[in-house]
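Contents: one structure, followed by commentary.
Order as written gives the chain letters A, B, C and D; numbering starts at 1 within each chain.
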Amino acid sequence: MSKLDLGRRRVLKTGAIAGAGLAMPTIFTAQSAAAYTNEPTGSSVVLGFNVPQTGPYADEGLDELRAYELAVEHLNGEGDGGMMNTFSSKALKGNGILGKKVEYVTGDTQTKSDAARASAKSMIEKDGAVMITGGSSSGVAVAVQALCQDAGVIFMAGLTHANDTTGKDKRANGFRHFFNSYMSGAALAPVLANQYGTDRNAYYLTADYNWGYTTEEAISSATEAMGWNTVQKVLTPLAATDFSSYIAPVLNSDADVLVLVHYGGNMVNSLTNAVQFGLRDRVVNGKNFEIVVPLYSELMARGAGKNIAGIFGSQNWDWKFQDEGSKAFVQSFGTKYGFPPSQAAHTCYVQTLLYADAVERAGTFNPCGVVEALEGFEFDGMGNGPTLYRAEDHQCFKDVVVVKGKENPENEFDLVEQVEITPVEQVTYAPDHPQFAGGSLGACNPGA
Amino acid sequence: MGILEVKGVNKRFGGLQALGDVNLSVKENTVHAIIGPNGAGKSTLLNCLVGKLIPDTGSVTFDGQSVLGRKPHEINQMGISRVFQTPEIFADLTVLENVLIPCFARRDGAFRMHAIEQVRHEAELVEQAETMLADVNMLGKRDFHAGSLSRGDKRRLEMAMCLVQQPRLLLLDEPTAGMARADTNNTIDLLKEIKAKRDITMAIIEHDMHVVFSLADRITVLAQGTPLVEDTPEKIKGHPKVREAYLGEHQ
Amino acid sequence: MFGLSKADTRLFLIVIGLTLFAPFILNPFPEGSELAQFNAGYPDLMQRFLIFGIFAIGFNILFGLTGYLSFGHAAFLGVGSYAGVWMFKLLGMNVLPAILLSMLVAGLFSVLVGYISLRRSGIYFSILTLAFAQMSFSLAYSVLTPITGGETGLQLSANDPRIFGQSITDAGTIPVPSLFGLEMRDSFQLDVGAWLFTFNAGYYLCAVFMVLAFYLSIRIFRSPFGMMLRAVKSNQQRMTYTGLNPKPYTLAAFVISGMYAGLAGGLMVAMDPLAGAERMFWTASGEVVLMAILGGVGTLIGPVLGAGFIKYMENIVSKINDNILHQWFSFLPDGLEDVVVAIIYPFIGKGWHLTLGIMFMLVVIFLPGGLVEGGQRIGGWIGRRFGKGGSSAEAAAKPDAKSSPAE
Amino acid sequence: MDAFILQILNGLDKGSAYALIALGLTLIFGTLGVVNFAHGALFMLGAFCAVVLSRILSIAHVTVDPTRTDFLGNPLKVSTPYVHEWFGPEAGQTLIEWSVPLAILFSIPIMVAVGFAMERGLIKYFYKRPHADQILVTFGLAIVLQEVIKYFFGANPIPTPAPDALVGSFDFGALLGFDPGTIIYPYWRLIYFMFAAAVIAAVFAFLQFTTFGMVVRAGMADRETVGLLGINIDRRFTIMFAIAACVAGMAGVMYTPINSPNYHMGMDFLVLSFVVVVVGGMGSLPGAVFAGFLLGVLESFASMPAITTVIPGINQVIIYLVAIVILLTRPRGLMGRKGVMEE
């Protein structure tokens, strides 16, 4: 296992002061000393990887962490370089960022907004992190994004799918590469209409929190536009583990499609329960009953086992993509860890490279410079085809892939097959789209 | 007119008549014992006096005021203190604190939010409590944990806690139950001493004839929930009905 | 001094000293040294120590004195936080009104919950409080999203009215909480040789509240009211037959501790203006129970130590990753290094829960009185070993050694 | 009406899980006077017995198939479970499929051993300690157990399906004269309910009709007296603890096909099962069982769309609301005894 020398930064950072300081304590306010928060003064720069390490999303968090470690390796010129070789921007040279060696600190979000903020704060206040990234839920992403805005560091969101992250809760210092609820809806609806027909009655079971609300709205409005009818929307508690009492009423409705707006453990359980109740074998109104899961999580889908076979959903990325970027990333990730990466790992890896690249191009770690470099940035070679970081809301626009659970998986990582790639034009929306209204980016905040 | 008047009290538990038409009058400044075989309704009667139970019919007045419908702590504030069969004390507190609490209760009533004042600054009450402890020969143990005391000391402490309130009526619920003869005698002496030192009315519920006859001025015999006779100890001793209902069975 | 006994005054002065100099005490290791990982002297964690200390002190007034084990105390903290953020949104960014309203709202909520829950005792009481807290959490996370922000938490936005302040600063950012212009995040740093100490305005505001809260708690412990509360715990039957009504005493204790929780919630949002629903989840209520028990139930300083211990684990141990381990043990030969790291690895970083669980068990098995007992034992051992004079330095570093038990 | 029947079935099913966990909890409360926060962890350990057994049955030997490649382009490693080789692929596969029912047998000795070790090694030292200490130590133990499981099995749910023969659902609609397909219920959930009923009946019969049970019940009522009679109640309590652990463990095993087990499933159940026990009344076994089913059924009804549209969020809070109402109207829960855990 390769090692990264983490301790040196602090030695170098304070080494110069130490000599003078011994004789006479120097007192200064942090605000006036630096041009922006945590300006790296030594030969290294610290990034903060804030992922869930305990709680239900711990495995997803660990996969994100693996991707971050890989990205740091590549940035520092170790390993095979991964996507740096396929990335359309060639600013990165494998000598760290702006010549400074990349070091990192890790923290545990516990998938709680409070804990995530505490962890991010310690990275900023104690470890001098100049960028925070990670997370695997929208609640955490929004909370940490707001914190980074206040503190004056950049936030590169990890896995977050709710519209709010780049909608009503968007912030100038925050960026999201992952796709969102609206895109899932826009990508899925035509495919569903194509597969299942336009005369369908959909029943929604929705996780009773923000992500659930925005995703339900996105899917229902997109499918209704295709002619589907929404029979019922039922909110299910986050803490629910047994969904039988929510599935049973579906049997008594005239719905012929069940949309499970659930993620993670909720998704595993609700899907398993739905299949137990024989919904897949049902015929309603002369049509086969179908189940849809708008957002796939491969790690969790593994928990649902065979139940996911044939079920439609959307994904940000899948390791079986055959473009050069994806192949390079899967190769170096697989070589290092022995199994293919998840979409969470992918988005985190890409976000890290994008940040590093933006810093190189801006020539500074100053958040305002980075924001400027990322806004409107167009790139390719990162696994999703040509992609735009839109200036208006800091959301990446790229093709969205519609997948379905594989009928006969070859191994435990072979979960889904690609059904269709919805081109970026179809999933693009106006920045002031009603599903995203109500927020403003504000100005970039360099802190200090 | 006694300080405690019980008139026509009835109490049923389901089909069981626990108390049937109980009349009782406890004269001020006397020791009044209530005796009777097991199940005679002694405890039920006591619980009716202190507010734990409410009689179905009848009246209980203390010093001319009805106690019925009042909560135990209100009845205590009227001037009735109670000693339990097994000493009920604050086992986690020190001996001094045990006696201080009734001092506060007497001065401040059932509730007062004195969260900022300090206990040790209440010199007057502390002195009062210490005097009381000295009175029952426990001043030397003032800082002991009450829970660590011997059973006899616990009984003394409980008495001290009751007496420091200067109650007008002290109810004693089998104060010597389960005690060895020596302890029983000590308790009798303690009660005699207490009685000698102050004007106080006592109502004792007791099983032990020895205790009753050493202390009581008047005795009421309860049988099957009804008072059988009420008289002086001397007369009770020879009363045929009593022998039949109580003493006969007791041999 | 301060109307306290000599021992209490000494304890109080030690607590003042520790909070005042915490930025030094918590940063014992020079910047850049291998052990700097264990430094806890950065503003966020120091604030958390104090805030959760306040929370635990308040909880201890209820649990430690009356014995009523509330399993839903986090609800008051959460409600207080929401009230605080709403003050920021509606009125302005001054922290004082927010903190005061937090206490008030938490107090009112605890009157309601306490009035109902205190009709029962023992585990029935615990479950009633748990039920109220869980309902608060569930509703705040879902149905009440318009008021609470739901999953993402209630946060400030540029569109808030802020009648007595600006909605948005001239620089285009959302204003930050401040005390009459002194921003809570303002810090100044002191470089002394290799050491770097951070003094944060928000921390010292918390410190003021914490010292006041601790002082009030000493006063309550030593007051007739405190004695009555211990009487409630000891023997309610005797209490009623002594002419005292336990109900208002317990309710008062419940509300006081609810307001402490509200104060903690208010300070939390004053330091970081976002209120998440998770802080009302049952695990958060359980955490404060654990803090109190771990530190020493019914002791003055115990809950603060318990709070500090758990927060330290959560924030410091969880951040140690395998790279850091490798670096620590890099002096060992390669093979041995890997073995050592492999042994320690499960207990740090993502395994911090495991360490926490083990620590809970060890403390409760070997130190029935909690950390305070541990401190007393160490203090006693040192006292025996080195005689009386030698213990003062150690005692200053270990405040628990000096703590006096409740009685 | 059909919806109503379905929700009763669902409620009974949820109730079975609650009742089984609560039964063990209340046994431990009642007999040992211990607040066991690790009881949920025992349920989780049981579930992982099923996972472990299926892993054991799936132990495979690995061969390299040079004709195929894995995702990195290296030769594919193919693993064949030994049971396939020993019993032939079909019988072997069936054996693996049946790992959950088999795990019942597998889990009994394990859970008894775990319960025994827990009681002898830890819990017995806490009989005389305050409830607060019991909470702290058992909570600590619960964390340790679940972190150990997480260390070996990860945080994600692990699919443990029921045997193919038991997958599918039963159509009550046709049986009861409703439209077919309106009241269908999964076989495994029916099995779970019947299993729970059988276990509950067995525990009750054991306590009711054996001398052992009689002594334990007497011990629950008055521990000291029984101790004075010279009966070694401690040893019996150890056995009771092992039984409680075993009940929780078997409940966990049987639960795995309903929801894929993960390391924190015990904690998810812990709070609810405490509520169930307390609503049922401390120290009352029938109370715990009855409250389990009652809350299960009410929870199911509260999640019907007809009700959630009228009172939004009622499905989130119904259990707690009911708990509050019951505890306020019945001071000691449904069937609690006076003085148990009231201090």
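Keep in mind that, in the parts below, contacts are C-beta pairs under 8 Å (C-beta built on N, C-alpha and C of every residue); 3 or more make two chains touch, one makes a residue touch a chain.
All values reported here derive from a predicted model rather than from experimental measurement.
K.L.:
Tell me, which chains sit next to both chain A and chain C?
P.N.:
The shared contacts of chain A and chain C, listed by label, come to D.
K.L.:
Relative to chain A, which chain's C-alpha centre is the most remote?
P.N.:
Of all the other chains, the one whose centre lies farthest from chain A is B.
K.L.:
Please tell me the distance, in whole Å, between the geometric centres of chain A and chain D computed from their C-alpha atoms.
P.N.:
Each chain's C-alpha centroid was found; their separation is 35 Å.
K.L.:
State, to the nearest whole Å, the distance from the C-alpha centre of chain B to the C-alpha centre of chain D.
P.N.:
Averaging C-alpha atoms per chain gives centres 52 Å apart.
K.L.:
Can you work out the whole-Å distance between the CA centroids of chain B and chain C?
P.N.:
The mean C-alpha positions of chain B and chain C differ by 47 Å.
K.L.:
Would you pick out the residues of chain A that each touch at least 2 other chains?
P.N.:
Expected reply: 54, 58, 208, 235, 237, 239.
K.L.:
For chain B, jot down the residues that touch at least 2 other chains.
P.N.:
Residue numbers touching two or more other chains: none in chain B.
K.L.:
Residue numbers in chain C touching 2 or more other chains?
P.N.:
Each of 138, 142-143, 353 in chain C touches at least two other chains.
K.L.:
Of all possible chain pairs, which ones touch?
P.N.:
Every pair of chains meeting the touch criterion: A-C, A-D, B-C, C-D.
K.L.:
For chain D, which residues count as touching chain A in their complex?
P.N.:
It comes out as residues 2-3, 6-7, 9-11, 13-14, 17, 70-72, 150, 154-159, 161, 167-169, 181-186, 188-189, 258-260, 262, 264-265, 268-269, 299-301, 303-305, 308, 312-313, 315-316.
K.L.:
Given the complex with chain C, which residues does chain A contribute to the contact?
P.N.:
So the residues of chain A touching chain C come out as 1, 3-15, 17-18, 21-22, 25-31, 53-54, 58, 61-62, 105-108, 112-115, 117-119, 121-122, 125-126, 137-139, 142-143, 146-147, 149-151, 164, 168-169, 208-211, 213, 235, 237-239, 438-440, 442-443, 445.
K.L.:
Going by the contact rule at the top, pick out the chain D residues touching chain C in the complex.
P.N.:
It comes out as residues 35, 122, 125, 129-133, 135-137, 139-144, 146-148, 151, 271, 274-275, 278-279, 282, 312-313, 316-317, 320-321, 323-324, 327-328, 331-333, 341-343.
K.L.:
Which residues, counting only chain B, touch chain C once they are in their complex?
P.N.:
Against chain C, the touching part of chain B is residues 50, 71-74, 76-77, 81-82, 84, 88-94, 97, 100-102, 104-106, 108-122, 161, 165.
K.L.:
In the complex of these two chains, what residues of chain C are touching chain D?
P.N.:
63, 67, 69, 116, 119-124, 126-128, 130-132, 134-135, 138-139, 142-144, 282, 286, 289-290, 292-294, 297, 346, 351, 353-354, 356-361, 363-365, 368
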